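Each of the two complexes below includes subunit A, the first together with subunit B, the second together with subunit C.
On to the complex of A and B.
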């Protein structure tokens, strides 16, 4: 059931009616049933794997000893790997259960926290099932943290018109991003990336720029919708994006993009790796080679490589995903290891970090570095990515003919100019809002009725109606 | 108060949407579009020859040469991927909205048009048709089973909306690209290698009954109006023209024309080298060079017919 479809909003209306009509003690049960109903509607057969994961994890973690924690990892990662990498394992390509990556991470996070004694295991199977199957976040995140989510899910929420309004406004923003912005650029990107050799460098640069816009509009649009839905039920989900494209460097970017996944990695993989004995020995080995390097920096190298390679292959069994992970591992390592040199250099050339031009330069530089990574990510194959880079470097010209060629993926000549104009206005508007909000979080919070009106009209008249699947749903 | 504001916002949004949709559907055909489309053709007054077809006509007709041959009384109405069912509706729309005299209507003898789905192939069709025309085309699409709720939404709401909202900015740009409906771009051939290696596969194309009926409908409509008409096949690049399926479709098209005793000009009736890669931009559309060469010959054949 798509989050931008009419059946979903009918489902939501019925759910809200029930949610606020039932007895206080039964409210959480409505959410649990809604989650299971949502899952069965979307992916009826695959619910079996969700139920296996829920039951096994809950049962094993009632007694959170090491062997049980290992079993949780084996069961959950086993199902995940079997579905996501079946083709690579020589088995037939299996369609992965809806949201498997996300609920697996939530489950492992819960088990790890139980094992680390950070939380008390949940004694009630159904309450634990609600944590995993809370439907707004189940298919595409944000990856919920048990100690933050469970109290909210169990708590009774009385009807508050303010929550409904705020939630509806947030949903509107999400639908706008998804249907109007992401939906519009998708066709251009698909056309160009399906045959990268057939287009000149300028078109490939524009397609890559659009892809970055699409990724953000699609994914953050989804988050806006799920945060809005949850808000309507009085539940505050964790924000997953914080204007990532305004980051001044790559480490900052990764604290603003897909925040819940990166925090999950930090807590459950990066930090355990950093403190492990193996990593300490590895860092000691490196210290013998790089004598001038700081010990702290050397201890980050192996965990960084592990985290980024894991993040890459988490997206799926493709060489380009692995390449993307390796690329960001290298960028992050360069960022850590050159930090002190860059600092010294900045002092020498009197680099003023507060200067607006310096800030713009840093933001553009970060955007370009991210863009290079996303070319690898989006390409159908690694050789396609290489071809794209080669064409961008050797075949980029800015003249009337290349500009005319760059417009062809918009469709026939008659629609291209209008599409370009509308897209430019939309992207510019989004950029202005993000910059304003970066300076002042309260910007654009007044006159909400006017913005809501403008968004409603734009969605209906200029939205792409067929754009119902979200990109990260497939991961 | 806030509840009142919320309701007002929803009502205002609904009203604005309805106004835009109503305007697009009822008045788009009256928009002052220059150098192309039904409205501009009607405003051109009495015409000796009117071409009505797809982008093939748009790319393959050199309008300044036609202008010279027909004393400026010629027009080319074309839409991307235009198919025969839509052509019938477009013809009827012109006759209904215009009191002018038209010497000859030239329809496209595109063999592969018989295999096209009845659909909205170009949002310009939506712009050019009146409300009745739009409804008629939708009805025909529905009869062919090519509609669903999403398509209906696209057809009546979103299609052409981009052009409507950006009209003041984009129209001056668009209008420079056409002259009396034909292309003015100096397109060039991508070269023999590209054309010889371009992949296409039409072997699985199937006839669409509605399109077959539409050929007879065009003939019937013209005869009903006492309108002189002719079907003209534009030459394609030789690889397409020699394709077995293409030839089969042409035979089928010709059979309908012969059955109805309708006049036609085939690609082979015009002296034109369809094997010359310099003459083509792609399999279907001519380059500026090919367009000039073909138009010269087509004028000669049309004039010969006129003399007879």
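On to the complex of A and C.
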């Protein structure tokens, strides 16, 4: 069931009626049933894997000893790997159960926290099942943290018209981003990336720029919708994006993009790797070779490589995903290892980091570095990515003919000019709406009604009706 | 304490470690800085800090870091 479809919103209306009418002590049960109903409607047979994961993890973690934790990892990662890499394992291509990546992350996070004694295991199977199957976040995140989510899910939430208004507004922003922005730029990107050799460098640069816009509008649009749905039920989900394209360096970018996934990796893979005995010895071995290097920096090398390669192949069994992971591992390591040298250099050349031009330079530089990574990610194959980079370097001229060629994926003549104009206005509108959203997060002021009306009209006029599948749902 | 402050200043000379009590919660230290601190503590005191101990409360001030070192030593 797509979150941008009529059946879903009928389901939401019925759910809200039930949610606010049942007895206080039964409210969480409505959420659990809604989650199971949503899953069965979307992916009826695959619910068996969700139920296996829920029951096995809950039962094993009642006594959170090491062997039980290992079993949780084997069962959950076993199912995930079997579905994600079935083709590479020589089996036929199996369609993965809905949300398997996301609920596996949540499950492992819960088990790890139980094992580390950060939380008490949940004694009630059904309450634990609610944590994993809370339907707004199960299919595409944000990846829920048990100790943050469970109190909110168990707690009774009385009807509050303000939550309904704020939630509905947030949903509208999400639909606008998904159907209007992401939907409109998708055609251009698909046309160019399906035949990169057939287009000049400038077109490839524009397609890559649009791809970054599409990724953000699609993914953060989805987050707006799920945050809005949760808000209507009085539940606040963690923000998964904080203006990532305004980051001044790559480490900062990864604290502002897909925040819940990066925090999960930091807590459950990166930090355990950093503090492991193996990494400690590895860093001590490196220190004998790199005598001048800071010890802490040497400790980052192995965990950074492990985390980024794992993140890359988590997206799927494609060489370009692995390449993307390796690329960001290198960028992160360069950023870590050169930090002290860059600081000294900045002092020498009197580089004022508060200067607005310096800030703009840093933001653009970060955007370009991210863009290079996303070319690798988006390419159908690794050789396509190489071809795109070659074309951008050797075949980028800005003149009347290359600009005319860059317009061709939009259509011909006036149609192309109108498309460029409309798209520019829409992207600008998205920026204004987002800034307004952040500025008055707490108060629902009058001008929001004007924005809401403008978004509704824009969705009807320019929304791409077929754009109902979200990109990150497939991961 | 002086020894620890010297280690911390070597890592970040722009931070007032003596008085600051929200090093992590106030986003003064980054993850990168914390890993530098973990590495330096290991070298100076020969203490391996386990992952579950890497929580904001243990790194919010120089005093909290010292208390963690004492706890792990004991």
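One rule holds for everything that comes next: the second predicted complex is superposed on the first by the 454 of 475 C-alpha atoms of A that agree within 3 Å, B and C clash if a C-alpha of one lies under 4 Å from a C-alpha of the other, contacts with A are read in each partner's own complex, and residues count from 1 in each chain.
Here is the rule we use: contacts are C-beta pairs under 8 Å (C-beta built on N, C-alpha and C of every residue); 3 or more make two chains touch, one makes a residue touch a chain.
None of the values given here were measured: they were computed from a predicted structure.
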Open item on the list: Quick check for you: in the superposed arrangement, does A:116 touch first (subunit B), second (subunit C), both or neither?
Closed with: second
Ask   = If you stack the two complexes on chain A, which partner ends up touching A:295: first (subunit B), second (subunit C), both, or neither?
value = second
Checklist entry - First (subunit B), second (subunit C), both or neither: which does A:461 touch? => result first
**OP:** Considering only the touch criterion stated at the top, classify A:25 as touching first (subunit B), second (subunit C), both, or neither.
**Re:** neither
Considering only the touch criterion stated at the top, classify A:350 as touching first (subunit B), second (subunit C), both, or neither. neither
The residues of subunit A that touch subunit B in their complex are 161, 165, 412-415, 417-419, 421-422, 449, 452-453, 456-457, 460-463, 465-466
The answer for subunit A against subunit C in the complex is residues 116-118, 251, 266, 271-272, 274-275, 277, 280, 283, 294-300, 336, 339
The residues of subunit B that touch subunit A in their complex are 2-3, 5-6, 8-10, 12-13, 16-17, 20-21, 55, 80, 122-124, 150, 153-154, 157-158, 161-163, 165-166, 169-170, 173-174, 177
Listed in rising order, the residues of subunit C that touch subunit A in the complex are 11, 30-32, 35-40, 42-43, 48-52, 54
